Amino acid sequence: MHLTRTRVRYGETDQMGVVYHANYLVYFEIGRTELIRELGLPYSALEARGWKLVIVEASVRIRAPARYDDELVVGTKLTQVGRVRVRFEYRITLAGGSRTLAEGHTVLASIAADGRPRRMPREFHEALNGTLEEGQADERD
Amino acid sequence: MHLTRTRVRYGETDQMGVVYHANYLVYFEIGRTELIRELGLPYSALEARGWKLVIVEASVRIRAPARYDDELVVGTKLTQVGRVRVRFEYRITLAGGSRTLAEGHTVLASIAADGRPRRMPREFHEALNGTLEEGQADERD
Amino acid sequence: MHLTRTRVRYGETDQMGVVYHANYLVYFEIGRTELIRELGLPYSALEARGWKLVIVEASVRIRAPARYDDELVVGTKLTQVGRVRVRFEYRITLAGGSRTLAEGHTVLASIAADGRPRRMPREFHEALNGTLEEGQADERD
Amino acid sequence: MHLTRTRVRYGETDQMGVVYHANYLVYFEIGRTELIRELGLPYSALEARGWKLVIVEASVRIRAPARYDDELVVGTKLTQVGRVRVRFEYRITLAGGSRTLAEGHTVLASIAADGRPRRMPREFHEALNGTLEEGQADERD
(Lines give C-alpha, C1' and ligand atoms only; values in the text may rest on other atoms or scores of the structure.)
Protein backbone atom coordinates (compact mmCIF):
# COMPACT_ATOMS: atom_id res chain seq x y z
CA MET A 1 0.00 0.00 0.00
CA HIS A 2 1.36 3.39 -1.05
CA LEU A 3 1.37 5.99 1.76
CA THR A 4 1.22 9.76 1.46
CA ARG A 5 0.56 12.53 3.98
CA THR A 6 -1.68 15.55 3.97
CA ARG A 7 -2.78 18.00 6.63
CA VAL A 8 -6.43 19.00 7.20
CA ARG A 9 -7.07 22.60 6.15
CA TYR A 10 -9.41 24.94 7.98
CA GLY A 11 -11.75 25.26 5.03
CA GLU A 12 -12.08 21.46 4.88
CA THR A 13 -13.90 21.42 8.22
CA ASP A 14 -17.58 22.24 8.60
CA GLN A 15 -19.58 23.61 11.50
CA MET A 16 -19.63 20.22 13.22
CA GLY A 17 -15.93 20.86 13.84
CA VAL A 18 -14.80 17.90 11.73
CA VAL A 19 -13.79 17.29 8.12
CA TYR A 20 -16.69 17.77 5.68
CA HIS A 21 -17.40 14.33 4.24
CA ALA A 22 -16.87 15.16 0.53
CA ASN A 23 -13.27 16.07 1.31
CA TYR A 24 -12.35 12.44 1.94
CA LEU A 25 -12.70 11.95 -1.82
CA VAL A 26 -10.18 14.78 -2.25
CA TYR A 27 -7.78 13.05 0.15
CA PHE A 28 -8.21 9.81 -1.80
CA GLU A 29 -7.21 11.71 -4.92
CA ILE A 30 -4.03 12.96 -3.29
CA GLY A 31 -3.10 9.35 -2.54
CA ARG A 32 -3.93 8.22 -6.07
CA THR A 33 -1.96 11.07 -7.65
CA GLU A 34 1.13 10.36 -5.59
CA LEU A 35 0.92 6.60 -6.23
CA ILE A 36 0.79 7.26 -9.98
CA ARG A 37 3.61 9.81 -9.76
CA GLU A 38 5.77 7.28 -7.92
CA LEU A 39 5.14 4.62 -10.55
CA GLY A 40 6.66 7.01 -13.07
CA LEU A 41 3.67 6.39 -15.31
CA PRO A 42 3.43 8.44 -18.48
CA TYR A 43 0.12 9.98 -17.45
CA SER A 44 0.93 13.33 -19.03
CA ALA A 45 1.84 11.43 -22.18
CA LEU A 46 -1.56 9.75 -21.92
CA GLU A 47 -3.27 13.13 -21.66
CA ALA A 48 -1.12 14.56 -24.41
CA ARG A 49 -2.54 11.88 -26.68
CA GLY A 50 -6.05 12.91 -25.69
CA TRP A 51 -6.75 10.21 -23.10
CA LYS A 52 -8.24 10.85 -19.68
CA LEU A 53 -8.97 8.78 -16.62
CA VAL A 54 -12.39 9.81 -15.26
CA ILE A 55 -14.01 8.77 -12.02
CA VAL A 56 -17.12 6.70 -12.57
CA GLU A 57 -17.60 5.37 -9.05
CA ALA A 58 -16.53 6.48 -5.57
CA SER A 59 -17.41 5.52 -2.01
CA VAL A 60 -16.32 6.39 1.49
CA ARG A 61 -17.03 5.01 4.96
CA ILE A 62 -16.21 7.35 7.81
CA ARG A 63 -15.28 5.48 11.01
CA ALA A 64 -14.09 8.41 13.11
CA PRO A 65 -13.84 12.09 12.26
CA ALA A 66 -10.64 13.80 11.13
CA ARG A 67 -10.16 17.30 12.53
CA TYR A 68 -8.51 20.60 11.65
CA ASP A 69 -4.73 20.43 11.44
CA ASP A 70 -4.65 16.63 11.80
CA GLU A 71 -1.86 15.10 9.79
CA LEU A 72 -3.44 12.27 7.81
CA VAL A 73 -1.84 9.28 6.16
CA VAL A 74 -3.60 8.20 2.97
CA GLY A 75 -2.93 4.59 2.07
CA THR A 76 -3.71 3.82 -1.58
CA LYS A 77 -3.77 0.48 -3.33
CA LEU A 78 -4.48 -0.40 -6.95
CA THR A 79 -6.73 -3.47 -6.70
CA GLN A 80 -8.05 -4.07 -10.23
CA VAL A 81 -6.63 -3.20 -13.63
CA GLY A 82 -8.80 -3.84 -16.66
CA ARG A 83 -8.20 -2.49 -20.13
CA VAL A 84 -10.85 0.19 -19.57
CA ARG A 85 -11.36 0.42 -15.80
CA VAL A 86 -9.03 0.55 -12.81
CA ARG A 87 -9.98 0.33 -9.16
CA PHE A 88 -8.17 1.97 -6.26
CA GLU A 89 -8.83 1.36 -2.56
CA TYR A 90 -7.95 3.78 0.23
CA ARG A 91 -7.51 3.86 3.99
CA ILE A 92 -6.94 7.02 5.99
CA THR A 93 -5.34 7.02 9.43
CA LEU A 94 -3.82 9.66 11.66
CA ALA A 95 -0.06 10.03 11.33
CA GLY A 96 1.40 8.01 14.17
CA GLY A 97 -1.86 6.12 14.72
CA SER A 98 -3.30 2.92 13.39
CA ARG A 99 -7.04 3.49 13.75
CA THR A 100 -8.90 3.77 10.45
CA LEU A 101 -10.62 7.14 10.16
CA ALA A 102 -12.03 6.56 6.70
CA GLU A 103 -11.82 4.04 3.90
CA GLY A 104 -13.24 3.79 0.42
CA HIS A 105 -12.69 3.13 -3.24
CA THR A 106 -12.84 4.72 -6.65
CA VAL A 107 -13.19 3.26 -10.12
CA LEU A 108 -11.72 5.22 -13.02
CA ALA A 109 -12.42 4.65 -16.70
CA SER A 110 -10.13 5.50 -19.59
CA ILE A 111 -11.73 7.84 -22.07
CA ALA A 112 -10.32 8.38 -25.55
CA ALA A 113 -10.11 11.65 -27.47
CA ASP A 114 -13.66 11.08 -28.75
CA GLY A 115 -14.95 11.26 -25.15
CA ARG A 116 -15.92 7.59 -25.06
CA PRO A 117 -14.62 4.80 -22.83
CA ARG A 118 -11.93 2.87 -24.72
CA ARG A 119 -9.21 0.36 -23.84
CA MET A 120 -6.27 2.37 -22.57
CA PRO A 121 -2.96 2.30 -24.48
CA ARG A 122 -1.19 -1.01 -23.94
CA GLU A 123 1.97 0.41 -22.33
CA PHE A 124 -0.07 2.36 -19.77
CA HIS A 125 -2.14 -0.71 -18.97
CA GLU A 126 0.97 -2.81 -18.57
CA ALA A 127 2.62 -0.30 -16.25
CA LEU A 128 -0.44 -0.28 -13.97
CA ASN A 129 -0.81 -4.02 -14.25
CA GLY A 130 2.76 -4.57 -13.13
CA THR A 131 1.96 -3.03 -9.76
CA LEU A 132 -0.73 -5.58 -8.94
CA GLU A 133 -0.03 -8.58 -6.87
CA GLU A 134 -0.45 -11.78 -8.83
CA GLY A 135 -3.96 -12.83 -9.63
CA GLN A 136 -5.50 -9.36 -9.52
CA ALA A 137 -5.24 -8.43 -13.19
CA ASP A 138 -8.66 -8.33 -14.71
CA GLU A 139 -9.06 -8.63 -18.43
CA ARG A 140 -12.81 -8.84 -18.36
CA ASP A 141 -13.79 -5.25 -19.07
CA MET B 1 -38.97 11.05 -4.61
CA HIS B 2 -38.35 14.65 -3.55
CA LEU B 3 -37.00 16.88 -6.34
CA THR B 4 -34.91 20.01 -6.02
CA ARG B 5 -32.91 22.04 -8.52
CA THR B 6 -29.40 23.43 -8.52
CA ARG B 7 -27.16 24.95 -11.17
CA VAL B 8 -23.55 23.88 -11.72
CA ARG B 9 -21.11 26.61 -10.66
CA TYR B 10 -17.89 27.40 -12.49
CA GLY B 11 -15.73 26.41 -9.53
CA GLU B 12 -17.45 23.02 -9.41
CA THR B 13 -15.91 22.04 -12.74
CA ASP B 14 -12.35 20.81 -13.13
CA GLN B 15 -9.93 20.94 -16.02
CA MET B 16 -11.66 18.02 -17.75
CA GLY B 17 -14.46 20.52 -18.36
CA VAL B 18 -16.99 18.57 -16.27
CA VAL B 19 -18.17 18.58 -12.65
CA TYR B 20 -15.45 17.46 -10.23
CA HIS B 21 -16.65 14.16 -8.81
CA ALA B 22 -16.68 15.11 -5.11
CA ASN B 23 -19.27 17.78 -5.88
CA TYR B 24 -21.95 15.18 -6.52
CA LEU B 25 -21.92 14.56 -2.75
CA VAL B 26 -22.57 18.28 -2.31
CA TYR B 27 -25.52 18.09 -4.71
CA PHE B 28 -26.86 15.09 -2.78
CA GLU B 29 -26.72 17.22 0.36
CA ILE B 30 -28.77 19.96 -1.27
CA GLY B 31 -31.44 17.38 -2.04
CA ARG B 32 -31.35 15.96 1.48
CA THR B 33 -31.52 19.40 3.09
CA GLU B 34 -34.51 20.43 1.01
CA LEU B 35 -36.31 17.13 1.65
CA ILE B 36 -35.88 17.59 5.40
CA ARG B 37 -36.92 21.24 5.19
CA GLU B 38 -40.09 20.24 3.37
CA LEU B 39 -40.96 17.63 5.98
CA GLY B 40 -41.02 20.43 8.52
CA LEU B 41 -38.80 18.32 10.75
CA PRO B 42 -37.51 19.94 13.92
CA TYR B 43 -33.87 19.49 12.88
CA SER B 44 -32.78 22.74 14.49
CA ALA B 45 -34.57 21.58 17.65
CA LEU B 46 -32.56 18.37 17.39
CA GLU B 47 -29.34 20.36 17.14
CA ALA B 48 -30.40 22.69 19.91
CA ARG B 49 -30.60 19.64 22.16
CA GLY B 50 -27.07 18.68 21.15
CA TRP B 51 -27.90 16.03 18.54
CA LYS B 52 -26.31 15.84 15.12
CA LEU B 53 -26.77 13.73 12.03
CA VAL B 54 -23.33 12.82 10.68
CA ILE B 55 -22.48 11.11 7.42
CA VAL B 56 -20.93 7.70 7.95
CA GLU B 57 -21.21 6.35 4.43
CA ALA B 58 -21.53 7.87 0.96
CA SER B 59 -21.28 6.61 -2.60
CA VAL B 60 -21.75 7.96 -6.09
CA ARG B 61 -21.84 6.42 -9.57
CA ILE B 62 -21.34 8.84 -12.42
CA ARG B 63 -23.09 7.77 -15.61
CA ALA B 64 -22.56 10.89 -17.71
CA PRO B 65 -20.85 14.16 -16.84
CA ALA B 66 -22.68 17.27 -15.69
CA ARG B 67 -21.25 20.51 -17.08
CA TYR B 68 -20.93 24.18 -16.18
CA ASP B 69 -24.23 26.02 -15.96
CA ASP B 70 -26.29 22.82 -16.33
CA GLU B 71 -29.48 22.97 -14.34
CA LEU B 72 -29.62 19.74 -12.37
CA VAL B 73 -32.55 18.03 -10.72
CA VAL B 74 -31.62 16.17 -7.55
CA GLY B 75 -34.09 13.43 -6.67
CA THR B 76 -33.85 12.35 -3.02
CA LYS B 77 -35.55 9.46 -1.28
CA LEU B 78 -35.40 8.31 2.32
CA THR B 79 -35.09 4.54 2.05
CA GLN B 80 -34.30 3.31 5.58
CA VAL B 81 -35.04 4.77 8.99
CA GLY B 82 -33.52 3.08 12.00
CA ARG B 83 -33.33 4.50 15.51
CA VAL B 84 -29.68 5.41 14.93
CA ARG B 85 -29.13 5.36 11.17
CA VAL B 86 -31.03 6.70 8.19
CA ARG B 87 -30.33 6.04 4.53
CA PHE B 88 -31.00 8.40 1.63
CA GLU B 89 -30.76 7.57 -2.06
CA TYR B 90 -30.24 10.10 -4.84
CA ARG B 91 -30.57 10.42 -8.60
CA ILE B 92 -29.39 13.42 -10.58
CA THR B 93 -30.76 14.28 -14.02
CA LEU B 94 -30.65 17.34 -16.24
CA ALA B 95 -33.67 19.61 -15.91
CA GLY B 96 -35.96 18.69 -18.75
CA GLY B 97 -34.18 15.39 -19.31
CA SER B 98 -34.62 11.88 -18.01
CA ARG B 99 -31.15 10.41 -18.38
CA THR B 100 -29.42 9.65 -15.08
CA LEU B 101 -26.18 11.62 -14.77
CA ALA B 102 -25.30 10.38 -11.30
CA GLU B 103 -26.81 8.33 -8.50
CA GLY B 104 -25.73 7.35 -5.05
CA HIS B 105 -26.56 7.04 -1.39
CA THR B 106 -25.60 8.31 2.04
CA VAL B 107 -26.07 6.84 5.50
CA LEU B 108 -26.30 9.28 8.41
CA ALA B 109 -26.00 8.39 12.09
CA SER B 110 -27.50 10.28 14.99
CA ILE B 111 -24.91 11.44 17.47
CA ALA B 112 -25.79 12.59 20.98
CA ALA B 113 -24.27 15.46 22.91
CA ASP B 114 -21.54 13.12 24.14
CA GLY B 115 -20.35 12.62 20.57
CA ARG B 116 -21.45 9.00 20.42
CA PRO B 117 -24.04 7.31 18.19
CA ARG B 118 -27.34 7.08 20.08
CA ARG B 119 -30.96 6.38 19.20
CA MET B 120 -32.41 9.63 17.96
CA PRO B 121 -35.26 11.28 19.88
CA ARG B 122 -38.53 9.41 19.32
CA GLU B 123 -40.45 12.29 17.74
CA PHE B 124 -37.71 12.89 15.18
CA HIS B 125 -37.56 9.21 14.36
CA GLU B 126 -41.31 9.07 13.94
CA ALA B 127 -41.38 12.08 11.65
CA LEU B 128 -38.78 10.49 9.36
CA ASN B 129 -40.43 7.13 9.60
CA GLY B 130 -43.75 8.55 8.52
CA THR B 131 -42.26 9.45 5.15
CA LEU B 132 -41.33 5.88 4.30
CA GLU B 133 -43.52 3.72 2.22
CA GLU B 134 -44.87 0.75 4.12
CA GLY B 135 -42.41 -1.98 4.90
CA GLN B 136 -39.28 0.15 4.82
CA ALA B 137 -39.01 1.06 8.48
CA ASP B 138 -36.05 -0.64 10.02
CA GLU B 139 -35.89 -1.16 13.74
CA ARG B 140 -32.80 -3.30 13.68
CA ASP B 141 -30.05 -0.78 14.40
CA MET C 1 -27.89 46.55 -8.97
CA HIS C 2 -28.77 43.01 -10.09
CA LEU C 3 -30.03 40.76 -7.27
CA THR C 4 -29.86 36.99 -7.05
CA ARG C 5 -30.39 34.54 -4.18
CA THR C 6 -28.41 31.59 -2.91
CA ARG C 7 -28.59 29.48 0.24
CA VAL C 8 -25.55 28.66 2.39
CA ARG C 9 -24.61 24.97 2.11
CA TYR C 10 -23.33 22.93 5.02
CA GLY C 11 -19.96 22.33 3.38
CA GLU C 12 -19.51 26.09 2.96
CA THR C 13 -19.26 26.56 6.72
CA ASP C 14 -16.11 25.89 8.70
CA GLN C 15 -15.54 24.89 12.30
CA MET C 16 -16.14 28.47 13.49
CA GLY C 17 -19.76 27.82 12.56
CA VAL C 18 -19.83 30.50 9.86
CA VAL C 19 -19.21 30.65 6.10
CA TYR C 20 -15.57 29.97 5.20
CA HIS C 21 -14.24 33.23 3.79
CA ALA C 22 -13.18 31.99 0.34
CA ASN C 23 -16.80 31.07 -0.37
CA TYR C 24 -17.81 34.73 -0.61
CA LEU C 25 -15.89 34.79 -3.91
CA VAL C 26 -18.06 31.88 -5.03
CA TYR C 27 -21.21 33.79 -4.07
CA PHE C 28 -19.93 36.81 -6.02
CA GLU C 29 -19.57 34.54 -9.03
CA ILE C 30 -23.17 33.39 -8.75
CA GLY C 31 -24.24 37.04 -8.86
CA ARG C 32 -21.99 37.79 -11.83
CA THR C 33 -23.16 34.72 -13.75
CA GLU C 34 -26.81 35.58 -13.26
CA LEU C 35 -26.28 39.24 -14.19
CA ILE C 36 -24.60 38.17 -17.44
CA ARG C 37 -27.30 35.59 -18.13
CA GLU C 38 -29.97 38.24 -17.68
CA LEU C 39 -28.24 40.61 -20.09
CA GLY C 40 -28.61 37.92 -22.72
CA LEU C 41 -24.95 38.37 -23.57
CA PRO C 42 -23.45 35.97 -26.08
CA TYR C 43 -20.91 34.64 -23.59
CA SER C 44 -21.05 31.11 -24.97
CA ALA C 45 -20.50 32.64 -28.42
CA LEU C 46 -17.48 34.41 -26.95
CA GLU C 47 -16.12 31.13 -25.61
CA ALA C 48 -16.94 29.34 -28.86
CA ARG C 49 -14.61 31.79 -30.59
CA GLY C 50 -11.89 30.96 -28.07
CA TRP C 51 -12.28 33.96 -25.76
CA LYS C 52 -12.40 33.75 -21.99
CA LEU C 53 -12.99 36.17 -19.16
CA VAL C 54 -10.49 35.39 -16.39
CA ILE C 55 -10.35 36.82 -12.89
CA VAL C 56 -7.25 38.91 -12.34
CA GLU C 57 -8.26 40.62 -9.11
CA ALA C 58 -10.71 39.90 -6.30
CA SER C 59 -11.39 41.27 -2.84
CA VAL C 60 -13.88 40.77 -0.03
CA ARG C 61 -14.64 42.56 3.22
CA ILE C 62 -16.65 40.55 5.71
CA ARG C 63 -18.79 42.73 7.98
CA ALA C 64 -20.81 40.04 9.73
CA PRO C 65 -20.79 36.28 9.28
CA ALA C 66 -23.25 34.38 7.10
CA ARG C 67 -24.36 31.05 8.56
CA TYR C 68 -25.57 27.63 7.44
CA ASP C 69 -28.90 27.67 5.65
CA ASP C 70 -29.02 31.49 5.51
CA GLU C 71 -30.68 32.71 2.36
CA LEU C 72 -28.35 35.32 0.91
CA VAL C 73 -29.05 38.07 -1.58
CA VAL C 74 -26.08 38.82 -3.83
CA GLY C 75 -26.21 42.29 -5.35
CA THR C 76 -23.96 42.66 -8.41
CA LYS C 77 -23.09 45.78 -10.35
CA LEU C 78 -20.90 46.26 -13.40
CA THR C 79 -18.89 49.39 -12.57
CA GLN C 80 -16.20 49.64 -15.27
CA VAL C 81 -16.06 48.34 -18.82
CA GLY C 82 -12.81 48.67 -20.69
CA ARG C 83 -11.93 46.94 -23.93
CA VAL C 84 -9.84 44.41 -22.00
CA ARG C 85 -10.96 44.63 -18.38
CA VAL C 86 -14.33 44.78 -16.66
CA ARG C 87 -15.00 45.43 -12.99
CA PHE C 88 -17.90 44.09 -10.94
CA GLU C 89 -18.84 45.13 -7.41
CA TYR C 90 -20.87 43.02 -4.98
CA ARG C 91 -22.84 43.36 -1.79
CA ILE C 92 -24.29 40.43 0.15
CA THR C 93 -27.20 40.78 2.56
CA LEU C 94 -29.56 38.37 4.26
CA ALA C 95 -32.84 37.87 2.42
CA GLY C 96 -35.32 40.15 4.13
CA GLY C 97 -32.54 42.17 5.78
CA SER C 98 -30.60 45.25 4.83
CA ARG C 99 -27.37 44.82 6.78
CA THR C 100 -24.31 44.21 4.62
CA LEU C 101 -22.70 40.88 5.47
CA ALA C 102 -19.95 41.10 2.87
CA GLU C 103 -18.90 43.26 -0.03
CA GLY C 104 -16.14 43.17 -2.58
CA HIS C 105 -15.11 43.40 -6.19
CA THR C 106 -13.57 41.43 -9.02
CA VAL C 107 -11.75 42.51 -12.17
CA LEU C 108 -11.92 40.19 -15.17
CA ALA C 109 -9.73 40.35 -18.24
CA SER C 110 -10.59 39.13 -21.72
CA ILE C 111 -8.16 36.55 -23.01
CA ALA C 112 -7.96 35.59 -26.66
CA ALA C 113 -7.43 32.12 -28.09
CA ASP C 114 -3.67 32.62 -27.81
CA GLY C 115 -4.01 32.89 -24.01
CA ARG C 116 -3.10 36.58 -23.92
CA PRO C 117 -5.15 39.57 -22.80
CA ARG C 118 -6.76 41.18 -25.84
CA ARG C 119 -9.52 43.69 -26.49
CA MET C 120 -12.76 41.77 -26.37
CA PRO C 121 -14.94 41.54 -29.48
CA ARG C 122 -16.72 44.86 -30.11
CA GLU C 123 -20.28 43.54 -29.85
CA PHE C 124 -19.57 41.94 -26.46
CA HIS C 125 -17.95 45.13 -25.22
CA GLU C 126 -20.90 47.19 -26.40
CA ALA C 127 -23.42 44.92 -24.72
CA LEU C 128 -21.63 45.24 -21.38
CA ASN C 129 -21.08 48.93 -21.90
CA GLY C 130 -24.77 49.50 -22.46
CA THR C 131 -25.50 48.38 -18.93
CA LEU C 132 -23.36 51.08 -17.35
CA GLU C 133 -24.78 54.28 -16.13
CA GLU C 134 -23.51 57.24 -18.07
CA GLY C 135 -19.94 58.30 -17.42
CA GLN C 136 -18.69 54.89 -16.30
CA ALA C 137 -17.39 53.56 -19.58
CA ASP C 138 -13.64 53.39 -19.54
CA GLU C 139 -11.75 53.29 -22.77
CA ARG C 140 -8.33 53.55 -21.21
CA ASP C 141 -7.23 49.94 -21.02
CA MET D 1 9.16 36.03 4.52
CA HIS D 2 8.05 32.56 5.62
CA LEU D 3 7.93 29.99 2.79
CA THR D 4 5.82 26.87 2.57
CA ARG D 5 4.99 24.52 -0.30
CA THR D 6 1.78 23.05 -1.60
CA ARG D 7 0.83 21.17 -4.75
CA VAL D 8 -2.20 22.07 -6.89
CA ARG D 9 -4.92 19.42 -6.64
CA TYR D 10 -7.10 18.36 -9.56
CA GLY D 11 -10.27 19.62 -7.91
CA GLU D 12 -8.68 23.05 -7.47
CA THR D 13 -8.65 23.60 -11.23
CA ASP D 14 -11.68 24.68 -13.22
CA GLN D 15 -12.66 24.15 -16.82
CA MET D 16 -10.30 26.89 -17.98
CA GLY D 17 -7.56 24.42 -17.06
CA VAL D 18 -6.10 26.67 -14.35
CA VAL D 19 -6.55 27.10 -10.59
CA TYR D 20 -10.01 28.42 -9.68
CA HIS D 21 -9.44 31.90 -8.27
CA ALA D 22 -10.99 31.38 -4.81
CA ASN D 23 -8.39 28.70 -4.11
CA TYR D 24 -5.62 31.29 -3.86
CA LEU D 25 -7.23 32.33 -0.56
CA VAL D 26 -6.90 28.71 0.54
CA TYR D 27 -3.21 28.68 -0.41
CA PHE D 28 -2.72 31.92 1.55
CA GLU D 29 -4.22 30.16 4.56
CA ILE D 30 -1.75 27.30 4.26
CA GLY D 31 1.07 29.84 4.39
CA ARG D 32 -0.46 31.65 7.38
CA THR D 33 -1.06 28.41 9.28
CA GLU D 34 2.50 27.23 8.78
CA LEU D 35 3.96 30.64 9.72
CA ILE D 36 1.96 30.59 12.97
CA ARG D 37 2.91 26.96 13.64
CA GLU D 38 6.59 27.83 13.20
CA LEU D 39 6.33 30.74 15.61
CA GLY D 40 5.26 28.25 18.24
CA LEU D 41 2.37 30.55 19.08
CA PRO D 42 -0.17 29.30 21.61
CA TYR D 43 -3.02 29.53 19.09
CA SER D 44 -4.76 26.45 20.46
CA ALA D 45 -4.43 28.01 23.91
CA LEU D 46 -6.07 31.11 22.47
CA GLU D 47 -8.94 29.02 21.10
CA ALA D 48 -9.19 27.05 24.33
CA ARG D 49 -9.89 30.34 26.08
CA GLY D 50 -12.64 31.07 23.58
CA TRP D 51 -10.74 33.43 21.27
CA LYS D 52 -10.74 33.19 17.51
CA LEU D 53 -8.97 34.98 14.68
CA VAL D 54 -11.51 35.63 11.92
CA ILE D 55 -10.87 36.93 8.42
CA VAL D 56 -12.43 40.33 7.87
CA GLU D 57 -10.66 41.28 4.66
CA ALA D 58 -8.95 39.39 1.84
CA SER D 59 -7.66 40.22 -1.62
CA VAL D 60 -5.80 38.50 -4.42
CA ARG D 61 -4.19 39.64 -7.68
CA ILE D 62 -3.54 36.88 -10.17
CA ARG D 63 -0.57 37.63 -12.43
CA ALA D 64 -0.27 34.28 -14.18
CA PRO D 65 -2.25 31.08 -13.75
CA ALA D 66 -1.15 28.17 -11.58
CA ARG D 67 -1.95 24.76 -13.06
CA TYR D 68 -2.71 21.21 -11.96
CA ASP D 69 0.14 19.49 -10.17
CA ASP D 70 2.25 22.67 -10.01
CA GLU D 71 4.31 22.83 -6.85
CA LEU D 72 3.68 26.28 -5.40
CA VAL D 73 5.71 28.24 -2.89
CA VAL D 74 3.57 30.43 -0.64
CA GLY D 75 5.51 33.30 0.88
CA THR D 76 3.79 34.79 3.95
CA LYS D 77 4.68 37.91 5.89
CA LEU D 78 3.06 39.46 8.94
CA THR D 79 2.98 43.17 8.13
CA GLN D 80 0.82 44.78 10.83
CA VAL D 81 0.02 43.73 14.37
CA GLY D 82 -2.57 45.72 16.25
CA ARG D 83 -4.24 44.69 19.50
CA VAL D 84 -7.36 43.63 17.54
CA ARG D 85 -6.27 43.25 13.93
CA VAL D 86 -3.33 41.62 12.21
CA ARG D 87 -2.41 41.83 8.54
CA PHE D 88 -0.64 39.18 6.49
CA GLU D 89 0.71 39.57 2.97
CA TYR D 90 1.33 36.73 0.53
CA ARG D 91 3.18 36.00 -2.68
CA ILE D 92 2.89 32.75 -4.62
CA THR D 93 5.55 31.53 -7.04
CA LEU D 94 6.31 28.24 -8.73
CA ALA D 95 8.85 26.10 -6.89
CA GLY D 96 12.14 26.75 -8.58
CA GLY D 97 10.85 29.93 -10.23
CA SER D 98 10.80 33.58 -9.29
CA ARG D 99 7.83 34.90 -11.24
CA THR D 100 4.88 35.98 -9.08
CA LEU D 101 1.77 33.98 -9.93
CA ALA D 102 -0.46 35.60 -7.32
CA GLU D 103 -0.20 37.99 -4.41
CA GLY D 104 -2.61 39.32 -1.86
CA HIS D 105 -3.39 40.07 1.74
CA THR D 106 -5.72 39.18 4.57
CA VAL D 107 -6.72 41.04 7.72
CA LEU D 108 -7.78 38.96 10.71
CA ALA D 109 -9.57 40.24 13.79
CA SER D 110 -9.48 38.74 17.26
CA ILE D 111 -12.89 37.80 18.52
CA ALA D 112 -13.57 37.07 22.17
CA ALA D 113 -15.84 34.39 23.61
CA ASP D 114 -18.78 36.80 23.32
CA GLY D 115 -18.34 36.86 19.53
CA ARG D 116 -17.20 40.48 19.47
CA PRO D 117 -13.89 41.97 18.34
CA ARG D 118 -11.67 42.49 21.41
CA ARG D 119 -7.99 43.16 22.06
CA MET D 120 -6.24 39.84 21.92
CA PRO D 121 -4.50 38.50 25.03
CA ARG D 122 -1.25 40.39 25.68
CA GLU D 123 1.09 37.41 25.39
CA PHE D 124 -0.34 36.43 22.02
CA HIS D 125 -0.05 39.99 20.78
CA GLU D 126 3.54 40.19 21.96
CA ALA D 127 4.49 36.95 20.27
CA LEU D 128 3.13 38.17 16.94
CA ASN D 129 4.59 41.60 17.46
CA GLY D 130 8.04 40.15 18.03
CA THR D 131 8.07 38.82 14.48
CA LEU D 132 7.67 42.24 12.91
CA GLU D 133 10.57 44.22 11.69
CA GLU D 134 11.07 47.41 13.64
CA GLY D 135 8.58 50.17 13.01
CA GLN D 136 5.72 47.95 11.85
CA ALA D 137 3.93 47.47 15.15
CA ASP D 138 0.65 49.25 15.10
CA GLU D 139 -1.02 50.18 18.34
CA ARG D 140 -3.79 52.20 16.75
CA ASP D 141 -6.63 49.71 16.61
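Letters A, B, C and D mark the chains in the order given here, with residues in each chain numbered from 1 onward.
Just so it is clear, contacts are C-beta pairs under 8 Å (C-beta built on N, C-alpha and C of every residue); 3 or more make two chains touch, one makes a residue touch a chain.
If you're wondering where the values come from, they're calculated on a predicted model, not measured in any experiment.
Among the other chains, A has the CA centre that is most remote from the centre of chain C.
Across the two candidate interfaces, A-D and A-C, the one carrying more C-beta contacts is A-C. In whole angstrom, the spacing between the mean C-alpha positions of chain C and chain D is 24. Taking each chain's centre as the average of its CA atoms, chain A and chain D sit 30 Å apart. Distance between chain centres (mean CA atoms), chain A to chain C: 35 Å.
Taken residue by residue, chain A touches two or more other chains at 10-11, 16, 18, 22, 26, whereas all remaining positions touch fewer.
Within the complex, the chain D residues that touch chain C are 16, 18, 21-23, 25-26, 52, 54-63, 65.
For chain D in complex with chain B, the touching residues are 10-11, 13-18, 20, 22, 68.
Put simply, chain D touches chain A in their complex at residues 9-11, 26, 29-30, 33, 69.
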